[in-house]
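Have a look at this one.
Labels for the chains are A, B, C, D, E and F, by order of writing; each one numbers its residues from 1.
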Amino acid sequence: MKVSVFRRAHFNAAHRLHNPDLSDEKNLQLFGLCNNPSYHGHNYVLDVKVKGEVDPQTGYVMDTKILKDVIKTEVQDKFDHRNLNLDTMEFKTLNPTAENIAIVIWQSLRKKIADSLELSVRLYETENNYVEFDGK
Amino acid sequence: MKVSVFRRAHFNAAHRLHNPDLSDEKNLQLFGLCNNPSYHGHNYVLDVKVKGEVDPQTGYVMDTKILKDVIKTEVQDKFDHRNLNLDTMEFKTLNPTAENIAIVIWQSLRKKIADSLELSVRLYETENNYVEFDGK
Amino acid sequence: MKVSVFRRAHFNAAHRLHNPDLSDEKNLQLFGLCNNPSYHGHNYVLDVKVKGEVDPQTGYVMDTKILKDVIKTEVQDKFDHRNLNLDTMEFKTLNPTAENIAIVIWQSLRKKIADSLELSVRLYETENNYVEFDGK
Amino acid sequence: MKVSVFRRAHFNAAHRLHNPDLSDEKNLQLFGLCNNPSYHGHNYVLDVKVKGEVDPQTGYVMDTKILKDVIKTEVQDKFDHRNLNLDTMEFKTLNPTAENIAIVIWQSLRKKIADSLELSVRLYETENNYVEFDGK
Amino acid sequence: MKVSVFRRAHFNAAHRLHNPDLSDEKNLQLFGLCNNPSYHGHNYVLDVKVKGEVDPQTGYVMDTKILKDVIKTEVQDKFDHRNLNLDTMEFKTLNPTAENIAIVIWQSLRKKIADSLELSVRLYETENNYVEFDGK
Amino acid sequence: MKVSVFRRAHFNAAHRLHNPDLSDEKNLQLFGLCNNPSYHGHNYVLDVKVKGEVDPQTGYVMDTKILKDVIKTEVQDKFDHRNLNLDTMEFKTLNPTAENIAIVIWQSLRKKIADSLELSVRLYETENNYVEFDGK
């Protein structure tokens, strides 16, 4: 019997959508206002889902205080109050769409979560736009 | 590697729950206050989920500006500020329960979304009542 | 020392914006989609605020269970799952804009709340549109 | 074609995290502030999901008024305004973590929902911590 | 020109409504389920409002990081994961209604906020029940 | 009898807190992470409140479609998907704290709203940090 445990976290970051392999004209056509060279920003909301067996001793799938700390180290310390394009290694060349940010976060968290646990992330760019990635 | 992309939209509509093949007594018994002949209404909230491969050039599964336009044409232009029972072809005879509205919306969107993408819809009638349909 | 106590309630109703003293053309020009003769609807959210001295015996300004019952009798029993234009006395001739609904609700509640207590209402038609009335 | 129907409910309860088979020191180490012997509490939010075929006569998977009543009898009447550790049979010895509460609720609801319907529950302990259980 | 600055914080606590000067019968009659001797609990949400002139050098009315720390020391460290009736000095004899908790919090914060700033607090016991106190 | 009408709008922008009249060291000390030279960003939420008499012909204080258009022209077209420090005239030298952004928005809207109407704005930088300004 497996239970899924979710932990929510927040980070505020600047970004622009831009593929450096394409011309400026093509970038503007593809990304419109999101391509603004001066950047814009979001309050990102991240929901991390970990699924596994409940430990009979603790009643936990995973101690959410530990999950909270992993999210802080792997996500918030890197991205909060940062410019994703300028200040992070991950998005120096990778376009920081919500899809790509979710994949990067999933890959970063995957290394820190026990292999016996399934992992999925949901990332809200705004209330109206969000994405989900489970590694498959 | 597939990512799910979600887009939220809103529409406000009147409706009544009523099956014209049943007697008025049976309708009242089945649907209670929701059967009110003068109609009542809701602020519907629609979350559309599209799942597929991330395009390496754009970093998008699907441009959400396009998804937003499809939702506008297929859902909001038809249902927003309308009476579902009186003003729409879809619910002339079909009872506009949340279940049936979700199926109708899914079928309408399915024709406009690339076959390579999986489609699912979630429809909130109120904060406390919502439904989900993925075509299966 | 006065404390304000708030109680939230919900009702779902159909309405159309229409002033019967004006021509159909003028109504359409003024109210656009909201003038649809077949009606549309909303999930209305009502926040009622009552301000007064805290009773030293109970620690209450007013028992919110009583306030909840007053809101049920004066607002929800009249308006929930109703068509405001067709099914209510209050909006037979009065145009059911959010402003007018808030005034009608305030006047109805005012008679049932002790004179020593100040009364204010906030009414959400949608997340993006709401009004407030305090009788002044 | 199956649709999922969701119904949300609320209950407010006190609890402490404590495994009576472990020492006080071990409990404090495992559960920290949540182990406070005087208890603390939460506004729990429960989303119950029922998935099945849509009845062609009613347009319902399951009448949500009936689902609402089942949740009231099986969950709210037992847990609302209660101390989970002291006032309930279920958590006399079982540690009331969100995971265990979700499992207990699922098991209780499962007996009252038709076998043809799939059942899943999501339980929010706070906005930032929630769990999901579908019986598998 | 004065601007109001708001900071939101959360704490989870157990309580019961009980006036020790009254009989058990009277307490039960006044407070019903909220009088449960084993306690129940809430996720309290606190919005603190500070109003004053904007400092031309910083563009701040008050540094919200400092306000956050004051709320932590004066409210969260005292009340979070506590039983208000058993674990706090403030509610040993004072009935912990939302009204009284708001007054206690306001009085505690008032001593730590500069006299030049106006102070008001809003406390949510649930989404549907909340109170406001500004010291007047 | 006056009613207040509220309209909500959203914009996503990058900014950094920085007072060009102060040294870099002083800026870093005052604003910490918010001083990041590469900027960070937010999903700003703006609630505009207009208070006045209800027009007996329309039942409106002010047509919220017009208010929506004014907010679009005066706020969203200027700030949405922009870098407040780099892309706007208003914050070339003025530090874009929530307080200052609210004042700038109020001043901009004030010129477009009839003098007979009172105006107030609330600006959310995050769920936990927001400000309010009414021109006094």
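Going forward, contacts are C-beta pairs under 8 Å (C-beta built on N, C-alpha and C of every residue); 3 or more make two chains touch, one makes a residue touch a chain.
From a predicted model like this one, the values you see are computed outputs, not experimental measurements.
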item	value
Path length in the contact graph (chain B to chain E, fewest steps)	2
Of all other chains, the one whose Cα centre sits farthest from chain F	D
Copies chain B and chain A - interface residue numbers shared by over half, same or different	different
Recurring contact interface, reference E-F, options B-C, A-B or D-E [over half identical by residue number]	A-B
CA centroid of chain C to CA centroid of chain D, Å	34
Distance between chain centroids, defined by C-alpha means - chain B, chain D (Å)	29
Cα-centroid distance, chain A relative to chain C, in whole angstrom	42
Two or more partner chains touched - positions in chain C	127
All touching chain pairs, where touch follows the definition stated at the start	A-B, A-D, A-F, B-C, B-D, C-E, C-F, D-E, E-F
Parts of chain D lying in touch with chain A, wherever the complex brings them together	17, 19, 21-22, 30-32, 94-100, 102-103, 127-133, 135-136
Chain E residues within the chain F interface of the complex	1-9, 49, 54, 57-61, 63-65
Chain D residues within the chain E interface of the complex	10, 12-15, 33-34, 36, 38-43, 80-83, 86-87, 126-127
